[in-house]
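Before anything else, here's the structure in question.
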Amino acid sequence: MITYAIVFAFACFGFGLLGTLWRMLAGPTVADRILALDTMVINFIALIILYGIWQGTAIYFEASMLIAMVGFVSTVAFCRFILRGDIIE
Amino acid sequence: MELVVATSIGGLTAAGIYLILRLRAFPVILGVTLLSYATNVFVFASGRLAVGLPPVLTDDATAYTDPLPQALVLTAIVISFGMTAVLVLIALGAFLENGNDRVNVEDERAGEGDA
Amino acid sequence: MNHWIIAPVVLPALLAPLIAYVMRYDITLQRVASITGAVLLCAIAFGLFMLSADGSVHVYRLGHWPAPFGIVLVLDRLSALLILLTSVLGLIVVIHSAASGWDQRGRHFHALMQFQLMGICGAFLTGDAFNLFVLFEILLIASYALTIHGGGKARLKAGLQYVIMNLAGSSLFLIALGTIYATTGTLNIADLSLKVREIPVEEAGLVRVAAMLLMIVFGVKAALFPVQFWLPGTYAMAPAPVAALFAIMTKVGAYAILRMHTIVFGPDAAPIGSLSQDWLMPAALITIAVGAIGVMGARRLMPLIAFSVLGSTATLMLAISGFSPHTTATALYYLVHSTFAAAAMFLIADLLLSRREGGDLLKAVPATVQNGFIAALFFAGAIAIAGMPPLSGFLGKLLVLDALRFADYAWLVWAVVLAGSLLTIVGFVRAGSVLFWKSTSAELMPPEEETPEEETPPANRIGPALAAPSVASLACLALLTVFAGPVMRHMESTAAQLYDPGDYVAAVLEDQHDTKKLKEEEH
Amino acid sequence: MVSASGLLPVMVLLPFIGALVPGLMIRAGRNACATFTAIPTLLALILLGVMAPDVMNGGTVTARIDWLPGLGLNANFMLDGLGLLFAGMILGVGLLIILYARFYLSGDDPMGQFYTYLLLFQGAMLGISVSDNILLLLVFWELTSLSSFLLIGYWKHLPEGRQGARMALTVTGAGGLAMIAGMLILGNIAGSYDLSVILQHGDEIRASEYYLPALILILLGAFTKSAQFPFHFWLPHAMAAPTPVSAYLHSATMVKAGVFLMARMWPVLAGTEAWFYIVSTVGLITMVLGALIALFKDDLKALLAFSTVSHLGLLTMLLGFGTPMAATVAVFHIINHLTFKATLFMCAGIVDHETHTRDIKRLGGLASLMPITALIAVVAALSMAGIPPLNGFMSKEMMLEEVAHTHWWGGTWPIIIVATVGAMLSVAYCFRFIGHTFFGPVRDDYPHHPHDPPAGMLAAPAFLAVMVVAIGLFPSLIAGPIVDVASAAVTGDTAEHVHLKLWHGVTPALIMSIVATLGGAFLLWLHRPLDRVWLSTPRPEAKAIFERLVAVVERASLRFTEITHNGAISRYLAIFTVATIVLGFAAYSGGGMAPPTRGLLPVPPLVAVGFVLLMVATAAIVTMHRNRFRALMLTSVIGLMVSAGFVYLSAPDLALTQITVDTVTVLLMLVALHFLPKDTPSESPTILKVRDGAIAVAAGAAVALLAYSFLLRDVSTISDYHLANSYKGGGGTNVVNVILVDFRGYDTYGEIIVLGIAGLTLYALMEALLNGPASRTLRNWTFPPDRSQDRHPVMMVVATRVMMPIAVLVGVYIFLRGHNLPGGGFVAGLVMSIALLMQYMASGFGWTQERKRFEYHSMIGWGVVVAGLTGAGAWLAGAPFLTSAFGYFTIPPFEEFELATAMLFDLGVFLTVLGAVMLMLYSLSRLARYAGETVNLEPMDYDPSRRFEAAAEVNDKKDGH
Amino acid sequence: MLSRLFPHPVLSLTLTIVWLALVNKVTLGNLFLGAVFGVTIPVLTAPYWPNRPTLRAPLMALEYVFIVLWDIIVANVVVAAIVLFKRNDAIHSRWVVVPLDLTSAEAITVLAGTVTMTPGTVSTTLAADGSALLVHALHTDDPDEVRDHIKSRYERRLKEIFG
Amino acid sequence: MDHDLTLLPEILVSVFLVIGGLFGLVGSIGFLRLRDTMQRLHAPTKATTLGVGGVLIGSMLYFVMVEGRVSFHELLITLFLFLTAPITANFIAKTHMQAKLQEKDLPPSGGKYGWAVYDAPPGEENDPGR
């Protein structure tokens, strides 16, 4: 049963990835694109966790944790670039 | 899977090369970035592909993927990071000094020699 | 294991951070440290040279891991020779940059220089293909920094191009290494030698590609046609002492080709066959032509010198393309010559240009102070690089021509080399005549606004400290000429060792069982 | 003999050693300088004298010094008759020239330089004359080109001097290069480069299939040097040199080198049809042409120059005949030519010196004003014209005698006529030289009033004039022995002795000679109308042709270089790529491939999704790259997908590293992009885009195929060892990390050095930029007016305050676990730096920088040093660099933990990474302050709690009132 | 002295817990090690967090957390319903201005974060002096109600927690 | 996935995974179909957060109940996401405001100072570096 659940979740988040990619390319605003990237990262984290369950290993945990951390940083940086130009001032 | 990886490498290489052939520094930088993705994956692939066999020793694992290319790629990633940083800054410096970010030297033939 | 083997790497690597951080506000201290380091490096290199002179191969197993599993350094005659060459050149360049004040035109010059020396020495020593990549990157990134040392728009643009070109080269290097590992499963050069020979000829397609890609990568470093385009612009724009040091950088490419060819991809390796020769000679010939034409057409001094260096390096590559012990011996002789000649030329040009109005445009401007002295140095340098007697360039040229007399198309080789010499001579004669002779004529035009990029320096006289490096480079050439016999004998034995790679391979791989045991006992 | 052979190299070396002296002695005065120049010459001459008797007795003095035996280039010397003759001429005339130049050169001329060049040249010539190794001879040969270049260009301020010097060097240098090839061929036929060996292999050489190329190449050297047609044009222009130079180079030495060479090689090369027709024809043409041009030259020196050309032609022709007698005559004429030509040059110099003109049309009647000079000149000129009883007469007679029985192009008559015409022209210009200079009415319009010069200046020509007469009168006594030994050395025939005498009876030669003399006088009489015809005849100006040729080559070269090396890196890269593909394919096609041994792994749908993302993002970058910001975002997608691939394909360490590195890279690029244009203009024409696209696709396909090929095939690798020994020998279960810090710790050491250098580079470059013109650009920077006013938003600041300590803790954790699980110093360093960067982004540069605890510079320094010292620490245990040690410890209440030196090494990595990344961003962000960004002192734009305080303050104020 | 050693006691506690979560093994040794980091890291990072806030009512903070968690779950269902079942033109988005009584930066941040995480609202920006919060509501017909809900349900509690 | 599972943990884990997946899906759908940028901002920041939350809880339960080892890692990720998501949303909203909206499109703040995106904070109104 868990297998089906994981596959279902894989499908949902996989669809999410494609959706965010579409949004990223289509925009139309720059905020949409940044949002798409951020969402993509979050979908990606979910997928890694799912993959960890699938493989029965915790070895990919750091990856998802770091992605959560750095995804935030790069989203903020992209926003700051649009907002202020200079990301470190 | 092998086909996917090979095609990805090829796609990244093609895009990278197309971009490094552009005339401005920024696309060239992007091209270099893509190219280093491609080469990293390429080197990684030289250890062949394996799913679910991370090279971290555990008691219950029976096989591991080849760890050596991974170590090589790590080294390559770090090096290309340093290189990219230098490239970006030199490009920026060249832009600030030249007023444009063209990569090609403009035809500014300065004076005729008189030998 | 003789720990001195790694000293040429560790010494500058430890010295550089100290210079960069501890001494960062005191240029005098930096100079003292840098020169002292260079002197020590020379001493160590000389010691290693003597150590290897008896033909023994010394292997240094980093981390005490057996080959091919860990990284090894290998000291043989060839690596010792090149390290000695590097260290002497390094000393010359460091002194020049201190005496000329180049080291003050930007930050961290001496630290970068030490790192640069580290990278070069490391590349000559390593016995591991991937490690060679890493050291290439070290010497490259240091060279990027040194190329743009002091800034300026043209230099930055040239630096940008240099970086881009080499990043492309590095990507190719990685692809080549990936292919090598994928086809042989090893990275150790000695081990590669064995593994490559195990591949059946009919299955050798991939490893042949790897060999070719590697040769192209090294060809980029050695500035061979059709990947030579980067060199003239970069060398012409680099700060003079840096350009002088770069004289050894092209040799790293030459070295790598020689090393990989003789040990791994030699013609006796059936899967590879004569792959390297087949393209190296034509490439070298075309490059010689490109260099000579560049000299002939140059309107500026720095490009002129850069093109002459291109030609000189290509002549070296031509000699290497003979791929026999004898041709290689001549190549090694020419290598040493070409290095000092190029360095001398750049240093002398610096003495001149830092005193001359109007930059390096070949155009008459009022004579500088010590016109005669600089002219004499220039004359000597030009003689050397154009291959005229009495300096070693002529002997080198004779050696190369003589050694290649049995090559296919020997007549073409001779024709290209000799015609190239002629163009180079004519180009240099024209340049020297304008720079030193015409500058003394009365009817000089007032200096125009040409390239005021480097502001006109004061007409300072050349003191002994400033003259010494250029003179020393020329003196090295003179010594190379006078002691051509003994030097060639050494080169012959170096080449002989190179073409008998059995010792090398055995020394690297021989005691792996002992080492493994030792490692296990430890724990 | 032993002593003599030791003297020979010393003799050659003396001028070179002596060359160092004049430059130093010039401070002691001009006389001292000249004296000290003369001393080495004199010493050499004395040495020659010591060795001469052996040679005159038919012996040969030899000396052998190994120089470069591997090549066969040795400092082997041999003094035989020919060498003795030339050495004597070189040193003897050299001595006279030194004397003459002392008086000739003005006070403004740098005399030290002159004598240095002269001695260098002398040494080189001497070397040629006594080399017993053709490679050694080449060395000296090229040295004469170089040193004569310096001499000719001595008056460097004169354009004629510079041009003449360049032309001379170009022509003779080219010939020299050809000769190198010829000599190498010759040596290879003979099996040795030693002349004495080669001379014994004449038959073999002439029979060789390589004889003709060798001959032509060597003759190219000789002809260019000796100014033979069609290379004769450089010589007259070399006359721009000071007269002592002309006298030396063009009478006795430089130009004779070619003749010497032909004489030297005569036993080996002569005697074939090819030799005969090439050499004698070229010589004959040169003789006539030179004489003809000389007749119409008004410049005394130019006249003499062309006469030299003509006489060189004569000598060449004689050698070309290939008969021993002709060769002997050539040897004799060499001596005679030397004596009268050097004299004439010096006289011309005196005239020039005294009257300040060399234009024959402005001269005349000098005989009464400077009688001694006139006498000397007349003697020499008559000798040159071949008037008895002077020495020139004799050799000319003998020449004509040889001509008279030479069968050339189908008979003897053609050559007789041509040679007689040559002789006639020769007589004419000789008469003109003396007639129009010294005789005729005295004029009053000389640029400077002439009189005889000081004795010192006259001494040398006078001495030579005496020789002219003496040899003419007593040929056997004075010249006989030397001609004997010299010609014996040329012909290799010692038995035959020449009988030099004035009167041979009425021979065809005498008739030809008389015809020539009378005809010459007649020509001179007709000179004026002939001159008009000459001047109105269009003829190719060799110098102009040469210079045009050089200019064309130069322009073509420049054009070539400009087209090929035009700084278009895009094209360089395109060529690079194409070459790589082509060569790679060529390499591949020489081998084949084993059958696949691996099956394909399945592609789950999710992987397909990732693949779609990767490829679409890649394609989107290519199509949208002109919007730089968007392209940068798309690279993040690629980074993410590549990391995903690493996760899926069992490479957690790679995923961690990739994701963190990408973030830092994006930050860096954003900081840079802030100052760069935000859009890339569309510049490439479509055709270029298509071309680049094709190249790119080809390259991509090639790489993909390569990867795909090996992915399907197994190979056994060395990494089994790493897996097996990681825990046992390296103390870690994360094999990748153990490889990084232990098995291949040296790579990692290199890698952190790269990063450290990158940090330094960025810092140094930023310094350079901020001190250069870039800082002006920055100072004029204007920020967009509509940018957000939200600089350091409250929420971000607060969130960062909470997150940074956690991020630091995560960094510590990742560092500590790296040896056994994914992580390690590198990722930890990046995590730490991202934590710090977060702080910088939140609270701004100024505020954060102020709270910085560690110097980034020193962090890099410490990192590199710690890693290095950790590696070196192994030396203490006698183990190689980077040998690790580890152990497991328990200190209550902590868990059992592992300490490994590898972790210390990893600490070095950590510090370097952290320091480098921070230094890079620090350096980059300094730009902003130059662009006018203010330094913030507060961590957030506005602390809302101040709102309350502010309100309270306002209330206080109100209350106060 | 004590405050210099423990600049942020709550933070220290958090870090210790985070450490345990990181190593994923609750043992005395790890607890001790976590405590060591919990003490040292805040000391190192203290300069970046001056003027630490005080939690006046820790229990209330706990209550707040649970309220928010519950609201988040509800929010997601509500938003899901809107997203899935409402026609685009039937979604009435509104801007809502929430005047703030809170003055602590930390409290405002928590409030803004809460607003973003809970039903159909996203906090977008503060007034330049921090006196008001601009909130975007995905679907509402009465902005005032949204404002009042935020102020009463969250701001009131936060005011008590942060004082 | 051939572990021997008991029913309850299996159901629990599956439920959370499905919930997570569903919310992830809803977020993506909203992100795709909503009309304007501000609306789209609502969907992913919330739904995806809970989507990931569901997966995280599922993962924790899985490791505890199925694999028999406690896993706190997921809590950490949750902590990170909850800390960062509001900030991210806030920044993206501001980005949109700066790029596409003007002060007049928004209701007034009601105080002396306008919204921070458009208005400088007290005391820095005349700072040229802003």
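A, B, C, D, E and F are the chain letters, set down in written order, and residue numbers restart from 1 in every chain.
Note that a contact is a pair of C-beta atoms (placed from the backbone, for glycine too) under 8 Å apart; a residue touches a chain by one contact, two chains touch by 3 or more.
All of these numbers come straight from a predicted model, not from anything done at the bench.
When the partners of chain E are compared with those of chain F, the chains appearing in both lists are D. Listing every chain that touches chain A and chain E alike gives D, F.
The minimal number of chain-to-chain contact steps leading from chain C to chain F is 2. Using the mean of the Cα atoms as each chain's centre, the chain most removed from chain A is D. When the C-beta pairs in contact are tallied for B-D and for A-D, the bigger tally goes to B-D. Nearest to the common centre of all protein CA atoms is the CA centroid of chain C.
When every chain is reduced to the mean of its CA atoms, the largest separation from chain F belongs to D. Chain B and chain F, compared by their mean Cα positions, are separated by 33 Å. Separating the CA-averaged centres of chain C and chain E is a span of 62 Å. Separating the centre of chain A from that of chain F, both taken as means of CA atoms, is a distance of 11 Å.
Between chain D and chain E the centroid-to-centroid distance comes to 73 Å (mean Cα coordinates, whole Å). Shared contact sites, meaning residues of chain C that touch two or more other chains, fall at 130, 134, 137, 141, 144-145, 148, 151-153, 157, 161, 164, 168, 175, 178-179, 181-182, 187, 233, 298-299, 430, 433, 438. For chain E, residues that reach two or more other chains under the stated contact definition are 18, 22, 24, 112-113, 125-126, 128-129, 131. Residue numbers of chain D whose C-beta contacts span two or more other chains: 554, 562, 567, 569, 573, 577, 648, 652, 673, 703, 706-707, 710, 717-719, 722, 743-744, 747, 750-751, 754, 757-758, 761, 765, 768-769, 772-774, 787-791, 793, 795-796, 799, 802-803, 806, 810, 821-822, 933, 941-942, 947. Listed by chain label, the pairs that touch are A-B, A-D, A-F, B-C, B-D, C-D, D-E, D-F, E-F. The part of chain E that touches chain F in the complex is made up of residues 18, 20-22, 24, 26, 72-73, 75-76, 79-80, 82-84, 88, 91, 93, 95, 97, 99, 112-117, 120, 122-129, 131-132, 134, 136, 138. Of all the residues in chain E, the ones that touch chain D in their complex are 8, 11, 14-15, 18-19, 22-23, 27-30, 32-33, 37, 41-42, 44-45, 47-50, 100, 102-106, 108-109, 112-113, 125-126, 128-131. The touching residues of chain A, counted against chain B in their complex, run 55, 57, 59. Against chain A, the residues of chain F that register as touching in their complex are 1, 3, 5, 10-11, 13-15, 17-18, 20-22, 24-25, 27-29, 31-32, 37, 40-41, 44, 48-49, 51-52, 55-56, 58-59, 62-63, 66-67, 71, 73-74, 76-77, 80-81, 84, 87-88, 91-96, 98-100, 117. Across the complex, chain F meets chain E through its residues 22-23, 26-27, 29-30, 33-36, 38-39, 41-43, 45-47, 49-50, 70-73, 75-76, 79, 82, 85-87, 89-90, 93-94, 97, 106-117, 119-122.
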